[in-house]
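Structures follow.
Common to both upcoming complexes is subunit A, partnered first by subunit B, then by subunit C.
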Partner chain A sequence: MNPRLVVLWTVGLLVALALPHAVASNAWLNFWINTLMFAALGIAWNVLGGYGGQSSFGHAVFFGTGAYGTAVLQIKLGVPALLAAPAAIGLGALVGLFIGGVSFRYGLRGSYFALVTLAFAEVFRILVSSFAFTGAGFGMLIPLDQRPINLQFPSRFAFYYAALALVGIGLAASAMIERSRFGAYLVAIRENEEAAKALGIDVFRIKLGAIVLSAALAAAVGVFYAQYLLFVDAGSAFGPAISVEALLGPIVGGAGTMLGPLLGAIALHGLGEAAKAAMGPQPGLNLILQGLLLILMLRFLPEGLIGAIRRWRGHA
Partner chain B sequence: MGELGIVVPAVLAGLTTGAIYALVALGLTLIYGVLHIINFAHGSLLMLALYAAFFLKTLWGIDPYAAVFVLGPAFFALGYVLQRGVIWPASHGQDSMILMVTLGLSIVIDNLALALWTSSTRTVDLPYAFAVIDLKLALIPLPRAVAFVAALAAAGLLWLFLARTDLGRAIRAVAKERLGAQLVGIDVRHVYAMCFGLGTACVAVAACLLLPTFYVTPQVGHAFVLVAFTTVVLGGMGSMEGALIGGLVLGVVETLCGLFLGESLGQIGIFAIFILILLFRPTGLFGGKSA
Partner chain C sequence: MNALLEVENLVAGYGQTEILRSVSVAVAEGEIVSLLGSNGAGKTTFNHAVAGTLAPRGGLMRFAGKDRTGAPTTQMVAEGLIQVPEGRRVFPNLSVRENLWLGGYRRGSARRTDNLARVVGIFPRLGERLTQLAGTLSGGEQQMLAIGRGLMAEPRLLILDEPSLGLSPLLVEEMFGLIRGLNAEGLAILLVEQNVVQSLEIAARAYVMENGAIVASGSAAALRDDPALKKAYLGM
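After this line comes the complex of A and B, so read on.
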């Protein structure tokens, strides 16, 4: 690694560690926990949608499986969160394996893949809100019991560092994808699937690997969400808003880049927060601005913020 | 009677719900079939048209059925401008990006409605809203029957338009072979925008027919958008008769699932069909050409 990069990463890490202590306010802390949580979700989406070029419009299905998995295991089966969390992540990966298995086996791509993922998320949402076992229409409340074995912590700082760790794991996975043969195959499939197949790449297995990894990461974020709020309900865990949130950050920040989803999430949530500060808590305002930002980015900077930075540095 | 006494009214109710699905899907299949893109803003535009019809009624007393003649052209113009002024330039002509642009549009439109009109549910009072037609076996609400007939008429008109007019031929040419169409002198950007405008006009018509028996909230489009996609995929992209039959089938499936599985599981049948069709027959039941 070149020494300038080492310095940059060290500074970045120190800033991230010190960030929650910079301003002593709950709103500041909440803002960063939320932003990092959705940044981690964007990083998860980016594995499949960014590097692999398979745009999912239903990542809520993996996020929700993680959130509901950990909640149901704790509430209905009495499993402590420390064990329920990895089980829920495994469950998310299994759902990924299933959805990827059927859609890639039947050759769904592009808008068809987007639609089928959207439909799976809706099916899960309806199923979860229909059965008493999963709390039906009321959602599920995880009982408050602040012990480390329950993954509940009295201090919010613990959640900040947990979210930071999720982002770190996601970035490490992205870095490994960028350096590995698997990642090179994945990018080749995105650029030209027919050519990749002709060169002897097992397209089905590579895409399956990408969706399983992406799903597991997204489920981990779902687990975090459930442990942080101690409440899950079908509409917010499996709803389209989560699926949109998952892809918005990477698209704005730069899909298929390591830091794009993180930058995108910070930009989108920062914009929303700034709007709130400037014009008061008007419902929908932050989302209007985020939607406008998305359209403007696509129009003028289709490679995202990372692409813009790269271009600027290329000119400088 | 027994079982049949429940099933026949359910099927009839399903057909009238399906007619609305078909109307919403007609506009989408036009856009989907020609532009080959998913228009995520379709539901949002439906919501916008519902609000427009609602305010025409409450502020100026214009009946929703009369509003068709105002909102149809107005939404045609809106769609044309959106495609030409926003979607085309922002997507750089790439399919995967059009998807994202329409998603951005839907986010903006939905939340603009939320900011302007709050999230409260609104309905209109109409003297004929509760009038029914007695078919012996079942009672059909009059506005539902009107929507049913209008869906048939709209599908027929669109089919005629595509089959018989110059613009219709140009649209089909662009749908089949964009580059070839461009080479023989068809203005592709204009055809795209006309298509989007027509699709949006269909949504406005659907909204006017829907309002008498339905409600408006900023989220109302979500309930329709996935059903509309299912209808389009089931019927075959760009096929008017496919969208009509697909919509009717889905309406019946939904009410029957709701009847036998319980209200909250009603839409499961729709999504199950959607996933199965996407996996096993993505060209749809009536789609001859491959996707």
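After this line comes the complex of A and C, so read on.
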């Protein structure tokens, strides 16, 4: 790494570590916990949708599996959170393996793949809200018991640093993708699947690897969500809003880039907060703004904020 | 000479449509063979079936003496049967170097570096443009890149699908010169082409395909005057 990058990363890390203490307010802390959580979800989506070009419209299915997995294991089966969390991440990866196995085996791509993932998320949402075992329409409350073995912390700062760690893990995974043969193959598949096949790349296996990794990361974010709120319900864990959150950040920030999803999440949530401050908390206003922003981004900056920065630096 | 690729009575197609009806083709070690035929004769389907991107429905394929009928592309590439697909198929948004590396990942990193040096030696113009995006190359350069990417995998047999497609006459001349040069270094080449005249100039032997079957074959010199060739192309 060149020294300028080392300095930049060090400064970035220090800023991230100090950030929650910069302003002594719960709103400030909540904002960053939320933003980092959805940044981590965007980073997860980016593994499959950004590097691999397989745009999922249903990442809520992995997020929800993580959230519900940890909740059900704790509440119904009495598993301590410390074990339930990795198990739920594993479940998320398995769901990824299944959806990927079915979709990629039959060569689903583009909008067909997007629709199938959306359908899976909806099916999970309906199933979860139908059975008493998963809390039916009421959702599930994880009993409050603030001990580290329960992954519950009395201080919100702990959740901030946990969210930061999730982002860090996601970024590390992205960096490894950018430097590995697996990642080069994944990008080749995104760029031209037929040509990738002709090179002898096992397209099915690479895509499967990408969806499993992406699903596991998204499930980890779901676990965090459940532990942070201590409540899960079908609509907010498996709902389309989560799937949209997962892809919006990367698209705004720059899909297929390491920092794009993080940048996109900060921009989107910052804008949402600014809108709330300017116009009061009208419900749905932030969604309208997000929609508008997405249209503008796709029209004028299809490569996202990172693409815009690169172009600007190229001109400068 | 030892047979490297032996295809016997290969049958292949898509869905209900049978495109190849019993095709037999052989290429020996170090040989350059041309497979000729007009548009729609089944040449590309043949390529896909041999390279493993399309499962054959019947017949037999041997590579280096071993039965490889229906073997997947990953295995064929590992064993040295490399296809350079039609229409160049480079990765336009990746750099020239990244494109080349993608061809050579399955060989270790030291050999990858050696292979890159070798490919750049053969195509100096690629060497000058290693950091350039492949999509910004000219048509001829993209074709060179596609072939170079194939060479990165250390082929024993290189299957070139229409390498002259869309190139200016001057570039076609250059391209065929390069192909002849590769063959002179001992690389076996199966040249799948519409360009009859120049293909027959550089090939030792040739096959003529029409409607999914081989209608003529023999030495390039003998085929040049074969009426079957004219019929396959002009329908006379």
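Points worth noting:
Here, the second predicted complex is superposed on the first by the 316 of 316 C-alpha atoms of A that agree within 3 Å, B and C clash if a C-alpha of one lies under 4 Å from a C-alpha of the other, contacts with A are read in each partner's own complex, and residues count from 1 in each chain.
FYI, contacts are C-beta pairs under 8 Å (C-beta built on N, C-alpha and C of every residue); 3 or more make two chains touch, one makes a residue touch a chain.
All of these numbers come straight from a predicted model, not from anything done at the bench.
Of the two partner chains, subunit B is the only one touched by A:G291; subunit C is not. Once chain A of one complex is fitted onto chain A of the other, the partner contacts of A:P302 are limited to subunit B, with no touch recorded for subunit C. Once the two complexes are overlaid on the shared chain, A:S155 sits clear of subunit B and of subunit C alike. By the touch criterion defined above, A:T10 lies against neither subunit B nor subunit C after alignment on the C-alpha atoms of chain A. Taking subunit B and subunit C in turn and counting the residues of subunit A each one touches, the greater count comes from B. Legend: residue contacts after superposition of the two complexes on their common chain; A:L108 is shown touching subunit B, with no touch to subunit C. In the overlay built on the shared chain, the residue A:Y185 is in contact with subunit C alone; subunit B does not reach it.
Residue contacts after overlaying the shared chain place A:A198 against subunit C, while subunit B stays out of touching range. The part of subunit C that touches subunit A in the complex is made up of residues 51, 53, 72-74, 76-78, 82-85, 89-94, 98, 101-103, 105-106, 149, 153.
Interface residues of subunit B facing subunit A in the complex, by the touch rule stated above, are 36-38, 86, 89-92, 95-97, 99-101, 103-108, 110-115, 118-119, 218, 222, 226, 229-230, 233, 262, 264-265, 267-268, 271-272, 274-275, 278-280, 282, 291. Per the touch definition, subunit A reaches subunit C in the complex via residues 181, 184-185, 187-188, 191-192, 194-202. Across the complex, subunit B is touched by residues 55, 102-103, 106, 108, 110-112, 114-116, 118-120, 122-123, 126-127, 129-130, 137, 240, 244, 247, 251, 282-285, 287-288, 290-292, 294-296, 298-299, 302 of subunit A.
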